[in-house]
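Chain lettering (A, B, C, D and E) follows the sequence in which the chains are written, and residue indices restart at 1 in each chain.
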Amino acid sequence: MNIDWYIVLSALLFTIGAIGILVRRSPMVILLCLELMLNAGNLALVAFSREVGNGQGQVFALVVMVIAACEVVVGLGLIVAIFRRRLPLDVDDLRELRG
Amino acid sequence: MSATSWAWLVLLFPLLGSITIALGFRRTSWRFAGIVGTGAIALAFVCGIAALITLLGESPDARHHTSALWEYASVASLQIKLGIYVDPLSVFMILVVSGVSTLIHLYSFGYMQSDEGYHRFFSYLNFFVFSMLLLVLAGNFVLLIVGWAFVGFASYALISFWYRRTTATRAGIKAFVINVVGDIGLVLAAFLIFQQLGTFEYTEVFAKAPQVFHTNEWTVTAICLLLLVGAFAKSAQLPLHTWLPDAMEGPTPVSSLIHAATMVTAGVYLIARTHVLFVLAPTAADIAAFGGLATLLVAATIALVMTDLKRAIAYSTMSQIGYMIVGVSIGAYSAGLFHLMTHAFFKALLFMAAGSIIAAMANEQNIDKMSGFGKAMRFTSVTMLCGGLALAAFPFTAGFFSKDEILAYASARGGMYLIFTILGYFGALLTAIYTFRLIFRVLGGKPCAEAQELIDTGHGAHAEAPFNPATGETEDTDIGFPGAVHHFAEGSPPMKVAMGILAFLALFAGFIQVPGVDETITHFLDPVFADSPLAAIHPTTSASWFGLLIGGLISVAGVGIAYLLYVARPDTPRRLQERFAAVHTFLYNKWYFDEAIDILVVRPALAVGRFADNVFERIVIDGAITGGTEETVGRAGVIVRTFQNGIVRTYGLFLVFGAVGLALYFLIQQS
Amino acid sequence: MAGAGFNAPHVDYAATAPVIALTVGLVVILISGVSGPTRRWAPGLAVLTLGATAGLLLWHWNDRIDLIAGALRVDDLAIAISLIAIATAFTTILLSIRERAADEAGRGEYYALLIGSVLGMVLLSEAENLVTFFVAIETLSIPLYILCATNLRREGSLESGLKYLIVGSLGSATLLYGMAFIYGGTGSTDFAGIAHGIEAHGMLHDPLILIGIALALVGLAFKTSIAPFHQWTPDVYQGAPTPITSFMAVATKAAAFAVFLRFFVVALGPETGDWQMGLAILAAISIVVGNVGALGQDSLKRLLGYSGVAQAGYMLGGIVVATEKGAGSLVFYLAIYLFMNLAAFAVVVARERETPFGDDIRGVRGLGAERPALAWPLTISMLALAGLPATAGFIGKLYLIEALVEGDYLWLAIFIVGGTMISLAYYLRVVAAMWMRPETEVGGATPAIAGASPEADPVDPDAGRRWYLVAPAVLAAGITVFLGVIPQPLVDFATHAGASLF
Amino acid sequence: MINALLWVPLAFGVVGLFLPRRAVGWWATAGAAVTLAIGVIMAFGFENGAAGLQDTVDTTWISGLGVNYSLGIDGLNLFLVLLTAVLWTGGIAFAAFRERDRPRLFFFLMLAAETGTLGSFLSQDLLLFVLFFDLMLVPFYFLFGAWGIDRTAEGGPTAARATLKMMIYTLIGSLLMLVGAIATAIVSAHGGHLTFSIEAIQHQGVPVGSQRWIFWFFAAAFLVKMPAFLVHGWMPDTYRAAPLSTLVVFSGVLAKVGAYGFLRIVLPLFPQATTQFQTVILLLALGSILYGSVMAFTQTNLRLIAGYSSVAQLGFITIGIFALRADGSDGAVLQMVNHGLVVAAIFIIIGILVERSGTEDLRSMGGMAMRAPVFAALFLIVALATLAMPGSANFVGEFYILNGLFESKIVFAFIAISAVAMSAYYALRLYIGTMHNRRPDGILSREIGLRDGIVLAPLVLCILGLALYPQLILHRADPSVQQSVSAATGSEGGTVVTTEGKAPELQVIR
Amino acid sequence: MEAVLFFIAAIGATVGAIGVVAARNPFYSVLALIAHLFSLAVLFLLLTSAFVAAAQVVVYAGAVMVLYVFVVAYVGSAQEPRWDPVPGQRLFAGLLAFFLFVEISAAVLSSGLRALGTHGPDVPAGFGDPAAIGTLLLEKFLVPFEATSVLLLIAAVGAIVLAARRRESINRERPLGEGVASR
């Protein structure tokens, strides 16, 4: 299978993730969509690494996984904190700061 | 000592006098001020005499000298020195000015005695004399302009001397602004002269002009017309005359000194001084002449109906200056200047007399309220009569010789200039009539209340409360308003002396310039005008005497008519007035000149001002330029803040939007 | 080859020392945070760490070393930026004394996170490899996400944390995606390798690379809060605990700009012609947006946030021209930006602790008479930010504009000037509030954060006299003026740092 | 020496911050006086008839950016410097007699402003000039804002707002000028070593294409500062807000910096552009003259009458410079000094009047000369000088200016001179309206006090002195003026154009 | 064969992704994501990067997702209303995403890079196997490797700071639910 297929696929996933962030309001789902985007990135990296024939891309992908994990952890932590404060778990309702 | 150093002294004394009086106003008495003032001018006169003598000591064609104190402003090819020019003409003017001024100072010494602003008055008066002398002595156009403006200022200061009178201040500012218009004319003339000849110095200008210009070239004509603007403004010729009648708001000595004897004749001097240019621009000269003629007649007609004593005399002044302008413009230089001198005498005298009477009337100036002062104030009325006769050119008085000489010259020059002779004589008739109208109505008739009181008690009337004759609003007698006590000739020796001398001159000064007998003035001034072809024209002695004969008859006739109207049949004037109501109102409103100027100049200017203030400043400057920018920026701010709506997904949207945009840009910018 | 004994890379411990120091410090602080008594030492330890790091960095001044298989590069630019970050962190520590957020989070954790972020910045400013770059930028951001939220009682704090996290992750995802394409196009993750690859594979102006640049640019623009990727800035600045805000405002910008510069000039050097105009346009946009946005803001932190957007626009100019002078001017501006902002933030902290107005502009009303020691610094910093002469701000603008005009970007210079004019309106409004009779339109409805909410009540009635607040303010302001009068040393420093890239 | 002149005021100001409130006013006055003394000494040391700079300082300031700290005195700025010193002494003394809150800060700012202004006159480095040009504004921002008058009662803006308006307006100009200055240096360097030294740049020459737009950047700054017609929007509010003692120096000196800038920088550096845009600037200046005069005789607020009259006066100065003839510019230099003295005196007088009458409205004043002959006399002299009475130095100034204009653009001269009549009207209106006519109740006519007398009298003496011997200034200014004017006029197709080929033109949009 | 696998995996990944976005209950989103991750792992295998694939399954589908499930369980999975309060949000989101996709694909397809049109170069055996990756990780990418470990530490600390049991001061105001072991 040609590499560009993979890239296009990753682009597709990337955009789907983007849409998710833009249309969903539950912070948890938004975090999931972030995962989607990062994974799309990973797919692209791995595909490219195959294409250029060196492993750097794969390593990068691994690193990204870890980072993604970190972001998730922090994100979830925030969600919990917000939940504790009895604040709505809806990003649209968190709009005290504006103007 | 050379003539020039005398001339410098002539300038010095009045200036010193002015400064001394001004600085010493707290510590010194009014008497000191009066003495210093008068003395300074007298000294100036003496120095003038000295200059004259030194000048006469020289050969006629060497009788002109220049002298400069220091470089006033000389860089970048402009040469402006603080320099004077002494020649018979300027010396003649010095003598007239300082001479008459001395007497008027003497008069004021008594007249202003009880005024609170005594020091100020004399300081101004001296300063005026200084300026006038500077004007006539100036050695270049710039200094001329300086003197020109100084006299303008002095006149303003003295017109609004009683500065709490709104009428006075308004008259003052009017006079000043119109005079500034004149100054502008002079300045522009100076620029043009510099552009053409590259200098401001009289000597060089007059030397170069004939080479550079050919006759009636537009430049030289333009120069002369611009000079005329100055001359007409200063000499109250049509249409720049409206300030002069109003100027009568000033104390009477001021009217007599500035607005009769000296300043207003500056225009005449200017034309005489720059005759070289006028010779090169005959058109301009004729325009000047006709302007003079028009003024002569218009003013005379107005003087016929004026009921305000001083204003009437003021109009007569205008008309007399008309004669002089005509004279110097058509080439009768010495005649014009001779008339200038005699007019200085008798007109100053008339004003003094008038002042004396007005004082007796407690500042009332309306002649309808006056009568019978002949018996009440012997001295005053006698002197007034002398002045009147001279003004009416009664045979063998000063005015008789001087006025007719101009007309004689006009006829001698012939051609269209005969118009001047004819209309000039007509003017003379009017002059005689209005002069004696005043004299008969003021001196003749049965004494009015004030006059009666004077006869009975021997001292003048006192209005219960002082008031402004123009508006009638009441005043106190503190600074800025006339003094408490009114002094008139009978009660005050200095005034008597001054008026006496002038009366003598008014009657007999004519004899120094009798056609065919002794033409002193002409001979003295000849070297100045030698270069003018017009100076060559001379009416024959017989022609002159013929002219004098006619003039004499006309003046007698005029006096007769006046007698008829105002003494024999006192009610005719009223009937005439009713018959020609329209004419009368027209004349009485001074040919509506003030109104015309008001509509043509003043109102438009104010309208523009109001437009600029209310519309332009608000709408364009604050509205469009400032406000517009504020508006735009503010709007932009609002937009930015609306998108900053606090919803994180919107931010995400913008981020993606930015990404798309950037990507698009990067992709297309290369292809 | 599989499993064949690998040869460990040469590690120049001397050069990596600063990074190591930070890591160690981080761990130590964490440990200290565990037990009650030692918790009090946390700030001290943090300062110690920072001091050590700074020292170690200065030690390498003028070196140019590639570390560990070209992952890092220690040069003057990196050192300069790291120093700025460290200085900021130091001040932040001072401002955090008695800050509620610090106690909420627990001292140890709070300062550890701070140090972690600094570590990220140091790495970022040294990064010379896409992977390092990405890791560093996350190491920088993730602690900040947390720190923003540490004032857990304040809804705004949490909100800002979440917002920052979401938009930030979105940004870094985009950045990652862009990196992927650049890697794909050039087959290398090293900056040098990328530059080489672009030319070797004939990828000049190739869409693949360009899209990569575009997406990476989005990520970087986000971190440096360039419009239209700026929108998180005002909200997060306002919501976060003020000391953290000051840290973000200065240090993050510095580090991000450093890598921005390095990445575009070193890695994408060959493509310069392609990205210059794009960046210039972004700069122009954010100058306009930032300045007009700041008009009429009553919250000082918010105002500074917007002004930060605008200033970022100015600084971007330094990258646009891609010249030594440009780089120099950028470093210079970042350095003075540090002082200008810290002075302001120190005052804001003091006022929000001693007045009920929080960071609202009413908090500084009549400050000139009441607390000159605070009023002067704030005034100076405002004037400096507005670029008025006799302050460093003027020299900074001068330097930038000179670079721009030399680089034939006159129109951008004019944008900067235009922006400065607008900016006067809000900077001077603050000044006026301090020294002049209150303007009529200030006041009115109290902003949600300030006054109204109970937690904004004065916690420390005479915070305005605390040395740890006044000293930084006065010092920073003093330096601002000093550099405005005698800028030579800093100019040399910046020129040096900038030159080390070329 | 020149350094002392520049920094003494600031030094005094800083020390003043630590003095007791009572003393600080006098201390500040002393500081200004010392500055004046230094200035006078330098003026005596000034070598007449020399065109070049004298008594110069030139050291590198920011080597990396090519900025030098270089000062110098020549015919152009000598008397402006003296004017500055004189007016500040007067203004500060006038202020020192009056009570105000936060006096230390007030006088510190005043002195700082003096240093700023002196700096902009003295600096011979383009960038240094720009720096001081902006710097001198900052103290005034505080002075007007903090000690100014709120006009909210009469529907006007607050002091803070008014002064903000001024800041933005004037900085628009000067920031553009900053860009312009940098561009000038860069294009004139032709890729070589970057320098901002005015002389050097003039020597290297600025390519014509760049001149065209750089010219406007500088013009903008100077025209706004003056202020000129259309960009004077900040003037009315500012003048009404400002405390009078600061207005004395502000309108007396700062406006002149603009005109000075034209002579010092624009003419020598952008000759072709100058000749090209001569007419445009002349039109603007003409606008200022007419508009200023017209406004001046419609206003009733004393400050605004003075303000608009200065707009007109600055218009005269501008046309003098842009007549592009030596005499015109000579006149302009002279007129700058004259107008500075006169307008300062006017504002001091207004200050006294307002204290006496408690109003600023001409319509509700009058008759104040009655018990104050000396005051009236001083006022009268000033008024006459304002309307350029022949015999005053102002007349000589206008005479030179108009003569220059007459020679180069005769039509403009005819229009411009009409304003003289207007000036006569509004100057006298101001005088009569306040001093003469009947005195409304509640307005007291008191003789000028000794304290104000010793402030006002010296100014009037200066006016009189110059009236007697304007040559004093003209003679010293002329050589330098000749230099900068000939640079502009002598260069049509002359030396500078040759550099065109070498230098890459710099476009606004590339 | 390979192609078939690719398409199956691709469709799986896409569907999974769409599922994540579309599911109105966070819990289902998580499940969809897991599916997505598995299919991605397949794709990785196809791209001869075994180790990454393995990591994908273990790290993500394992640890991270478990964490998600916990949190979802803790905060409860509220149904999200269908309509979007922000006008035009969905429209613009769709449009922009579409444009982005078009741009990226266009860039990829129009790229002059030869290798894109191929399977990529023939790679030595063991490409992308743990050994190779490990070597790279310890040689070339030592720094990122170490850095990520620090990052993990930081994240852990963060989680504590944010989610751990507060001191009593707050507890009094707001009774807590079960604390979460977020490590």
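Convention: contacts are C-beta pairs under 8 Å (C-beta built on N, C-alpha and C of every residue); 3 or more make two chains touch, one makes a residue touch a chain.
Everything numeric in this text was worked out from a predicted model, so none of it was measured.
Student: Which groups of chains are still linked by touch once subunit C is set aside?
Tutor: One piece, even once subunit C is excluded.
Student: Using the contact definition stated above, find the chains touching both subunit A and subunit D.
Tutor: Under the touch definition, subunit A and subunit D have B, C as mutual neighbours.
Student: Using the stated contact rule, I'd like to know whether A-E or C-D comes out ahead in C-beta pair count.
Tutor: Comparing A-E with C-D, the pair joined by more C-beta contacts is A-E.
Student: Quick one: most central chain, C-alpha centroids?
Tutor: Central chain is D.
Student: Could you put a whole-Å number on the gap between the CA centroids of subunit C and subunit E?
Tutor: 29
Student: So the centre of each chain is just the mean of its C-alpha atoms; given that, what is the distance between subunit B and subunit E in Å?
Tutor: 102
Student: Mind checking the centre-to-centre distance between subunit B and subunit D? Centres are C-alpha means, answer in whole Å.
Tutor: About 38 Å, centre to centre.
Student: Could you give the separation in Å between the centres of subunit B and subunit C, each centre being the mean of its C-alpha atoms?
Tutor: Computed from C-alpha means, the inter-chain centre distance equals 79 Å.
Student: For subunit D, jot down the residues that touch at least 2 other chains.
Tutor: In subunit D, no residue touches two or more other chains.
Student: Taking each residue of subunit A in turn, which ones touch at least two of the other chains?
Tutor: 7, 14, 17-18, 21-23, 25, 47, 49, 51-53, 56, 59, 63, 67, 70-71, 74, 77-79, 81, 85, 91-92, 94-99
Student: Taking each residue of subunit B in turn, which ones touch at least two of the other chains?
Tutor: Answer for subunit B, listing residues that touch two or more other chains: 641, 644, 646-650, 652-653, 656-657, 659, 663, 667.
Student: By the document's touch rule, what are all the touching chain pairs in this structure?
Tutor: Going through each pair of chains, those in contact are A-B, A-C, A-E, B-C, B-D, B-E, C-D, C-E.
Student: If you look only at subunit B, which of its residues touch subunit A in the complex?
Tutor: Against subunit A, subunit B makes touches at 641, 644-649, 652-653, 656.
Student: In their complex, what parts of subunit A are in touch with subunit C?
Tutor: Those in contact with subunit C are residues 7, 10, 14, 17-18, 21, 27, 30, 34, 37-38, 40-41, 44-45, 47-49, 51-54, 56-57, 59-60, 63-64, 67, 70-71, 74-75, 77-79, 81-82, 85, 87, 91, 94-99.
Student: Flag every residue of subunit C that touches subunit B in the complex, lowest number first.
Tutor: 162-163, 166-167, 170-171, 174, 205, 207, 210-211, 213-215, 217-218, 221-222, 228-229, 231-232, 234-235, 274-275, 277-278, 281-282, 288-289, 292-296, 422, 425
Student: Show which residues of subunit D lie in contact with subunit C when the two form their complex.
Tutor: Touch list, subunit D to subunit C: 61-65, 67, 102, 127, 131-132, 134-135, 138, 141-142, 145-146, 148, 150, 152, 158-161, 164, 167-168, 171-172, 175-176, 178-179, 182-183, 186, 194, 506-510.
Student: Help me check something: in the complex, which residues belonging to subunit A touch subunit B?
Tutor: 18, 21-23, 25, 91-92, 94-99
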